[in-house]
Amino acid sequence: MSNYQDIKVQAYQANMQLPKLGLVLFTFGNVSAVDRAKGVFAIKPSGVPYEDLSPDDMVIVDFDSNVVEGRLRPSSDTKTHAVLYKHWEDIGGIVHTHSTYGTAWAQAQKAIPIFGTTHADHLTVDIPCAPPMADEMIKGNYEYETGFQIMNHFENLGLSYKEVEMILVGNHAPFTWGKTAEKAVYNSAVLETVAQMALLTQQINPQAPKLKDSLIKKHFERKHGEGAYYGQK
Amino acid sequence: MSNYQDIKVQAYQANMQLPKLGLVLFTFGNVSAVDRAKGVFAIKPSGVPYEDLSPDDMVIVDFDSNVVEGRLRPSSDTKTHAVLYKHWEDIGGIVHTHSTYGTAWAQAQKAIPIFGTTHADHLTVDIPCAPPMADEMIKGNYEYETGFQIMNHFENLGLSYKEVEMILVGNHAPFTWGKTAEKAVYNSAVLETVAQMALLTQQINPQAPKLKDSLIKKHFERKHGEGAYYGQK
Amino acid sequence: MSNYQDIKVQAYQANMQLPKLGLVLFTFGNVSAVDRAKGVFAIKPSGVPYEDLSPDDMVIVDFDSNVVEGRLRPSSDTKTHAVLYKHWEDIGGIVHTHSTYGTAWAQAQKAIPIFGTTHADHLTVDIPCAPPMADEMIKGNYEYETGFQIMNHFENLGLSYKEVEMILVGNHAPFTWGKTAEKAVYNSAVLETVAQMALLTQQINPQAPKLKDSLIKKHFERKHGEGAYYGQK
Amino acid sequence: MSNYQDIKVQAYQANMQLPKLGLVLFTFGNVSAVDRAKGVFAIKPSGVPYEDLSPDDMVIVDFDSNVVEGRLRPSSDTKTHAVLYKHWEDIGGIVHTHSTYGTAWAQAQKAIPIFGTTHADHLTVDIPCAPPMADEMIKGNYEYETGFQIMNHFENLGLSYKEVEMILVGNHAPFTWGKTAEKAVYNSAVLETVAQMALLTQQINPQAPKLKDSLIKKHFERKHGEGAYYGQK
């Protein structure tokens, strides 16, 4: 049995949630799960249909994108995952999808406005949208640079990856992360439903105001603050 | 066996309808069922996935929000349910969801206009949308105040909770109720489909007129008046 | 065994297609099937959930809306069916639903424009939308008058019920019919998908032109003309 | 056993993917698979429900639209398939559907703008929309002429059918193709999701810019260029 069995199973199970949650068509998505002690992560192989996957198909990669174990080629987005794991040291899992509404906001190059408590239950700011990359970054080491594009946008906005666990990459699609791969998948589904609700909100009322500060604070703290009282202890 | 077995089963079964009807993502919703004789209600525990629920997980709470029986922490929205049960004495069940279209109207801070007979079969007025709460109410006993926000809006509009069994809370999401928990869930599904139809109606015809009085009256009375002839006797 | 077993089974099977095709929520729809020789039709009982239905629950009604056989109360829309069967002598089945997109067009009081071949495969004109009824008709024998509202609108537009097997009733919802109950259900599904495509077409291009005559003629005749070559002989 | 068993099975399996992928209502679609050595293709019979199909029902047709083997009448769109196989010699499979969003763009007579990487992963230009045909072509050999309408539009735009494997036919619906029938079905699903995302993108941001050249090139080459690194070798 592999030394990396735990994260292979975690990554496998989290990947299998994507089609179940309606977040992917064909192979348009990938999830990874990290083992911080060993300095590696397990990620979906590239272009393999979800129905054919098994835990053993997961590819083990280090934070410099070297394949450590695995018969298959890792996801084409592997370098983006590696960069984020290397620099954001508390992330346990990462998800990339082309989910319909999230991708539409990314293509529109618009951050998703915070219109309601469904959004505020998970983050206190608009879901950020990084601008499309500069041409030299695209022509160069594209997926590696995508990781920096994400981190730079967080830095420019003064955001913490521990508080905001999702982003849109302009013209491309969403990335989400979390303490675990499972939480990162949860965040992908939240992003998709919030993205749909936000578009519908603007269609119903083009002048819809953003959520006011007191409600943002209340809802986020119900779930995440010191005195959080959502869920079981 | 619990003294509250009946309402535990009712609340459990009604909660399990929410994912089946497509009204919730993850744990974004809750249903309660009341026992008026005993002065308590059974409500979903907070943050527990629907697929893991059993009737025994339901939490028994009194109308002042004290937990009477249960191993788990009750829904974070429990105080809203308690307030409504205490003051609206004919309610048998309450539902809260973040269903997609209903939530979008709430985020848009717009009542849902009565455009057709699907709406009039269930209520004779626009589905009301309570304004977002004042900051001091939000910072204070938020979920408790949400109950009063709902009741105050009904009073301001001169509505009866017996005739109008649903409301949007501005920036938040829908609440519905009914004689039973099952009926309250039914109302949540009706609200969601009416919310979608109303948006589509406005998209097809921005000048769409509201339903005229004679049709409102006819359809409501088919189902609810003295001479109602819809359904079995 | 009932003398009307055949139409009971036909009506039952056609009714069960409605939830399968996503055309109804709860009990918001009904199908009937006629026996012309016996001068009666079988129709869904009012307000009974689809999952509880059996062929024996179907109610047998004559063309003057008298119940001939059946333990249950017939659909509240029974009189509309009776009027149409009485006056349109080649109809074998009738369907009424509150399907989402069809109902939105009805609420918008707009005929559905003929934008493409999916529409022209089934009818050569816009899907008509009858205006809401006059107040005295609504207050009187409402469901009976609904039948005349449908027939009058066809007469005003010079349409034949044999060529156009569907209509929207303004502020209400779609009715469809056909040589059999099964065909009427098929038409309901066609109406719903054409209704969705037409709205999307206008959203993509508010100046989208209607389908030109040569294409309307060609597509309709492929399926319905003398030299029809769609389907098996 | 038939001499054409291989393509019958391929066509059958590819056809059965259409309802599974949500691309067809009833019989509104067809797939064919070619045998270049024998100069024939297998295609769905006309108007037969998917649930009733078996591989033996597939009809074998040559490139001049003559039926070579089969008990049933071939799809009414057979001549379009025949023309494309005859002239585009590297095509292995063809699909025609009336999928909802793709058809809406066709009805709107608009090419689908390239807004993001989901699109660029598959083709580097807008998804073309051929104009509706001239009246004499429609009145004449309609389905045969549809093939030429498709090829002429590609020629006018300077496109290669090997690089762009999909088109909308104005007022009608999408056609896609590929090296195999399976790939052609894949392309139909890609077209449908890209069509939905493009409409949503314009609704979120009516001024959304198209994808820039560097990103178009990068994403297409990840999957299709000399140094492609998507998928397994």
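In order of appearance the chains are A, B, C and D, and numbering begins at 1 in each one.
In the analysis below, a contact is a pair of C-beta atoms (placed from the backbone, for glycine too) under 8 Å apart; a residue touches a chain by one contact, two chains touch by 3 or more.
Keep in mind it's a predicted model, so treat the numbers as computed, not measured.
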For chain B versus chain C, which are copies of one sequence, does the interface use mostly the same residue numbers on each side, meaning over half shared, or is it different? different
If we define chain centres by averaging CA atoms, which chain lands farthest from chain C? Would you check? A
In whole angstrom, the CA-centroid distance of chain A from chain C equals 46
Need the CA-centroid distance for the pair chain A / chain B, whole Å please. 33
Where in chain A do residues touch two or more of the other chains? 203
Could you list, by residue number, the parts of chain A that touch chain D in their complex? 25-26, 28, 45-48, 72-73, 76, 98, 100-101, 103-110, 132-133, 135, 138-139, 142, 171-173, 199, 202-203
Across the complex, what residues on chain D touch chain A? 115-118, 186, 189-190, 193, 196-198, 200-201, 203-205, 208-209, 211-212, 214-215, 218, 222, 229-233
